[in-house]
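Written out below as structure tokens is the structure these notes cover.
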Amino acid sequence: MSSVAPAHVHSAEVPQPAQHGKPGGIMRRLNFGTGLIGGIGLAIIAGVVTSQFVPSGYASPVTFAPMEGEYVYLAVLLGWVIGFMAGMGAFVGPIRWMLGRESTHLDAEYMAGKDLGRSRYWKYTTDHKVVGIQYLIVTFIVFGFGGLLAMLIRTELGATWTEVFSPAFYNSIIGTHGIAMIIAMIIAVSGPLGNFIVPMMIGARDMAYPRLNALSIWLLVAAVPCLISSLFLGGIQDGWSAYQPLASQAPIGMLGYQMTIIVFAISTGIASVNLMTTILTMRAKGMSWSRTPIFVYGIFAASLMGLYAFPFYQYSQILSLSDRVFNTSFFNPLEGGSVWLYENLFWLLGHPEVYVIIIPTAAVLMEILPVFMRKPLFSFNFAVAGIVGVVALSGLVWAHHMYMTGWAPAVNYPFMLSTEMISIPVGFLVLVVIGTLWRGTSWSRLPLMAVYAVVFNKMIGGVTGIYLSDVPADQYFHGSMFVVAHFHYMLMGAGFFGAMGGIAFYFPKMTGKILDERYGSIGLWTVFVGFQLTFGSMFVAGLQGQPRRVLQFDEQFDISNWISTIGAYTIGVGTLIFLGAIIFSWRDGPMVSGNPWASKSLEWQTPTPVPLENFAVLPVVTERPYNYGVPDPYDEELRAHDGDELESAGAR
Amino acid sequence: MKKFLVILATVLAGVLVVGGIGAVSSISQEEPPVLAATLDGTTMDTPNNGTLPHATLDLSVYPNSSDAVPPPKAGPYESAWLSGQPFYHPSTTIQVPANSVVTINFTQYDSGGQIYNPFFAHVHGSMDGTMTWNGKSVKNVKSDSVGHTFTVHQYPESSQPYFFLSVPLPMNAANAKTDKAGYPVDPQKISVTFVTGEAGTYVWNCEFPCGDEYQEFGGPMQTRGWMAGTFEVVA
Amino acid sequence: MTTTPVEASDNKPSAPAVPLSPTTGEPMTVIARRGRVGLWLIIVMSVSGTIALIISYSYLWSLNVNGGWAPPGAKLTANQTNDTIGKVKGSFAPEWPFWAILGMLILATVFMWWGYRSVKRGNQGALIAGSTLALIMTLATLVAQWIQVTNFPFGPANGAYASAVLLLCASNIFNLLLLLFILTGIMNRARKGLISRAVSYQAQAASYWMVWVVIAFLLGCLVTTFMVESPNVDPAIFGGFKEQ
Amino acid sequence: MTMTQAPQEQPESPTNRPPSMHRFKNWMRRPYARHVMIWTVVIGFLLLPLCWLLLAAMNQTGAPASEIMQDIETTVFVFTLVSIPITAFVFAVLLYSLIGWKRISSDEPPMQENPAIFTNRIGVVLWTVVTSALAMFLVVWGMIELAQITANSYGTISANEQPGGNQSVIVNVTGQQWVWTFAYPQTDGLVSDILYLPVDKPVYFNVTSKDVIHNFWAVELGVKIDANPGAVTTAGVTPNKLGTFNIRCAELCGMHHAYMETEVRVVTQEQFDSWVREMGGRRTS
């Protein structure tokens, strides 16, 4: 292969293997369109073939359920996922590797979307910035879908005098809303910002495994239609937790949920491996752990938790699937299955997943704060300690979702202990935030406003959390609206507002435009007000004793539900305003410089739009992050401890 | 200004999408047509409510739909995979007058078997704790020969009177003589008489496992219009 | 955080003592380090999944809900509330096939390790031979696994033990298919000289991965051998209450 | 909280270091320190009514009707009280940083830099100690209360060693899509769709389900336990208040989950006995 002329990569002579055809080879012909064709085509083929093989009207010997629909739908889903990934070109790389055909530098550049213009967003592109934007769009789509269902739910609950939707459909929209929002919130920060920002933040040219990066996003794209399609086939009538054995009574839409989770878990696992490897091995020269920005810690922690937790969720769904399709009995108590097994497997993911959502958000806020307070992050070590503490405890608290299941009353004591211990590391994070706010003149821009909103919500969510972490109080609150309000304050109040802040903060870097301050703020505060209305009054409903996931209830709950519905509509309008601001600013907002916030951290030192490989020369880090601020004048006065001149100086 | 228009357009578009989808999905799944008990002019004495007007209502249970008996239309997609499942005919949205004596005459064409909970093999909430089964008055049927049950229970409104009515509908023998549509020629005839109180809304469903999936409680058992519905007492 | 324009060391135009990656121009040592980290993380993920399976098996084994753990032919303690399942055959699976399959996989792993060790000493042919033998051996293991699954004395609907064992075997089959892909790749790349003394990290990764797969198989063998009869002889009865 | 701005960067000689009390006084001389403290107190007092408002909301339908519910409400009250100081302090800092310390809203990045407080040993230690102490208190309180509730609900007594006879009532609760049924094994197979209980007498619940997971929630009695298929869970209570209370299903159980409600009627022993006699004609089995 030395016959081929060597390529010049960053002023290095690199010998190249033989170049087969044009750079990129078959990938030149593959894009989202071929993906759709492949997916839909294979889905149709699989469906037709299966329906030929299954005798019509064949019913399961165990459950008498007509199985034809199940098999066909399962085949269609599998065909869609495989065909779509094949059409996108996900299998080209592995097959090339297996055949031992190395790709050249030109291939890699084509795969990274060099001089492809807009069309690279529709291809299996390996550039981490493209993947970040793709994640952003997918997040919007999934979030919008979940939000739409949320509006339907609140409409049903607001119309206390009638059933707007049939109970079955209502159950399916709460389930679909739940899982759609969980997916949206999991990827909301780790996806767009984790992929777009982290490599630049640590001074790398790309992710560790660019192809896996593309694989993770397109697997996610493949999973979304599975979820949406389930809504038209009876839906997920079991809440997002899809508890067995209720889930095995659901119509075939359940298969859509299970396939979504299985695919999504693979996508998340790959993304986690990729991010963690990048952070571990590709930090710039001189970026020791004490010089690594806190956001990198946050993403690392989230990836770690996703890495060990998601397989449990995935396997819980694989077992459910085989119960459904092959009549196994993991969760069928008649045949020796156990409902507690499902609950354990599910919550082994279920609780770390909460921190997968919250930790990156908190980390983004800690990135935003120093820039806008012109002040170093207060007690960086404590921030790290908080994140580490949360990760360490996250795997030991799952059973606090099962206090009332009676699976093992004795373990309620240790789980109550571990759960309430978590409030300590979380408290660290709060301390870091207020310590950074302390004595700072705030530059009130949209991202900083989001920080205030998040801290406010998180305090409420955290305080209500200690009621639920405590078994005696949980004996009243478990399964009531109080729980719903609590985790919305945590996941939405922190997750959604944090995502808004983070996107507003990194918008200039991602798009070259600045997010419109005025309308962005209007959107943010509208959402904030609506949020307090909705979930504040939901707390009241929970205290009065309204169970969750009901569509009819005693009229003593009417007033709080009406308020909730009004608030929910307000949230919807606010979100749309924010979205409108994003659309406008993205299309024709004013261009801005590479570093509009005058930030000192590495990702802002790159030019905008960011060139293909971020840094022409890899940077060398010589300082700790967040070196803002001036020496504290009070130190002088402390030394000459004389009270009088404090008054004059203190006014600042 | 342009900014404002873009924002406005986004908000309006969003509202339209949500409203449209909500309206469509709400309309596409309204309940089956109301089936009201008709006052037949007569009155009847009750043990502790004195003499009250009397109303009657006819319901049948079919094992599956046929040309003679069309399947219920409920929801946008249910009927696709519920064909061949049992259902109540002609409707599951039932209305009875308040403060009166109501007699429901059931005609049960379906087979049956063992019910999970013997409690529902007994008559509950009827006027004298009995029902009339093929002419003779009984308190219960054998718990291994139940076809379906008609169980009305509470709606979560504390303001309306508590109401609980459960009637077991005995099964037809598996080898019963059937007509060409596949229905038994002499189905089980059950009639139950009960006293209604003040107005209120309730729901009812079948407590005999006659659906599919786990514990045969999926499918029609969890679909309004087939084996479940609403039961309204109107003033 | 300031950045000083210093040419970072990972792309000095120095004479490549270690070969450079054709795509990114980084030294293969850097790529190899990255690969090792990623491998460990993927193993962590796979461990989680395997643990989920083992938890399912042992949890159901310990509970024996409704007496439904054992396949019907083996033990009829339960009151079979649901007789609709055609329970024709049924008993616990024999243990030795699990161990036999494990042994075959261990043999394949040994071949792979031998190839990897020798290519590090510069013996290219040994790697080709080793990976080929490992590939053949894995294929044989897959066939054996398939034979075992098809000859179980129970079907999937015959209680919790059957379900758990069948799913363990399913995950084994998945692992073996993945191994087939990996080993084919290693073999081809070894033949093309893409895996050589200088660049041998892919062979190393494959070898380590095979070791993990062996451990996963071993866990399966252990539970299926030492957790057969459920310890819970007085299980909860579905839908009923104990007599007071 | 983050008390003094101790100059740990350049440690001074111990001679001219002021005593900590003096340093605290110095610190409190600073206007912002005073203001934040005052605001904390004010906000704390504004939040204080919550302690009673929460209970008021919980008691709307006649709770507490048992020892257990009493314990639960005490816990809620104490937790609210304990969490108010921290919450008030954080809110105070938030508010003060919005209003008190200067706020710039220019489009350009502000040129003015703020004091570079990298950390503050005293503040950090104080915060850690306070939050850990609070968490510890909550844990200990929770443990004690949980033990008490477990005792009050006879949680440790398994189904087959519950005292039958006259000193207690045993109820076998069966959850089923979507109706609760209550069997009284002491009364020769009497089954009811409404739960009747005699006041001031221990009640033992054995709970199971015939299909999916339900959750047996006697709201005002503070009883909540899952009804699992293939398992019998036990709970108990001693109702100490006459009246009609709610029983709801608190675990999504299918289409009519919202309608899976019934009543628990706590009556005197005489009424209970006469009810049993009257229902005697309605035997199952």
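So that you can tell them apart, the chains are marked A, B, C and D in the order they are listed, and the count of residues begins at 1 in each.
The definition used in the following text is that a residue touches a chain if its C-beta (ideal position, glycine included) is under 8 Å from a C-beta of that chain, and two chains touch if they have at least 3 such contacts.
Every value quoted in this text rests on a predicted model; they were computed, and no experiment measured them.
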item	value
Chains in simultaneous contact with chain B and chain D	A
Pair joined by the larger number of C-beta contacts - C-D, A-B	A-B
Inter-chain centre distance, chain A versus chain B - centres from mean C-alpha coordinates, in Å	44
Interchain centroid distance [CA atoms averaged], chain A/chain D, Å	30
Overlap residues in chain B, where contacts from two or more other chains coincide	116, 155-156, 158, 214-215, 217, 222-224
Shared-contact residues (touching 2 or more other chains) in chain C	65-66, 238-239
Touching two or more other chains - residue numbers and ranges from chain A	64, 167-168, 237, 245, 249, 333-334, 337-338, 340, 550, 552-554, 556, 627
Every chain pair in contact, whichever chains are involved	A-B, A-C, A-D, B-D, C-D
Chain B to chain D touching residues, read off their complex	116-119, 122, 124, 129, 151, 153-156, 158, 162, 164, 166, 203, 205, 207, 214-215, 217, 221-224, 228
Residues of chain A touching chain B in the complex	57, 59-60, 63-66, 69, 148, 151-152, 155, 163-169, 232-234, 237, 245, 248-252, 332, 334, 516, 518-519, 550, 552-556, 572-573, 575-577, 579-581, 583-584, 587-588
Sites on chain D touched by chain C in the complex	159-160, 162, 164, 170, 172, 174, 183, 185, 206, 208-210, 229-232
Chain C residues within the chain A interface of the complex	1-13, 16, 19-25, 30, 33-34, 37-38, 41-42, 44-46, 48-49, 52-53, 55-56, 59-60, 63-69, 78, 81-82, 84-86, 156-157, 159-164, 166-167, 170, 181, 184-185, 188-189, 191-192, 194, 238
Of all residues in chain C, those that touch chain D in their complex	65-66, 236, 238-244
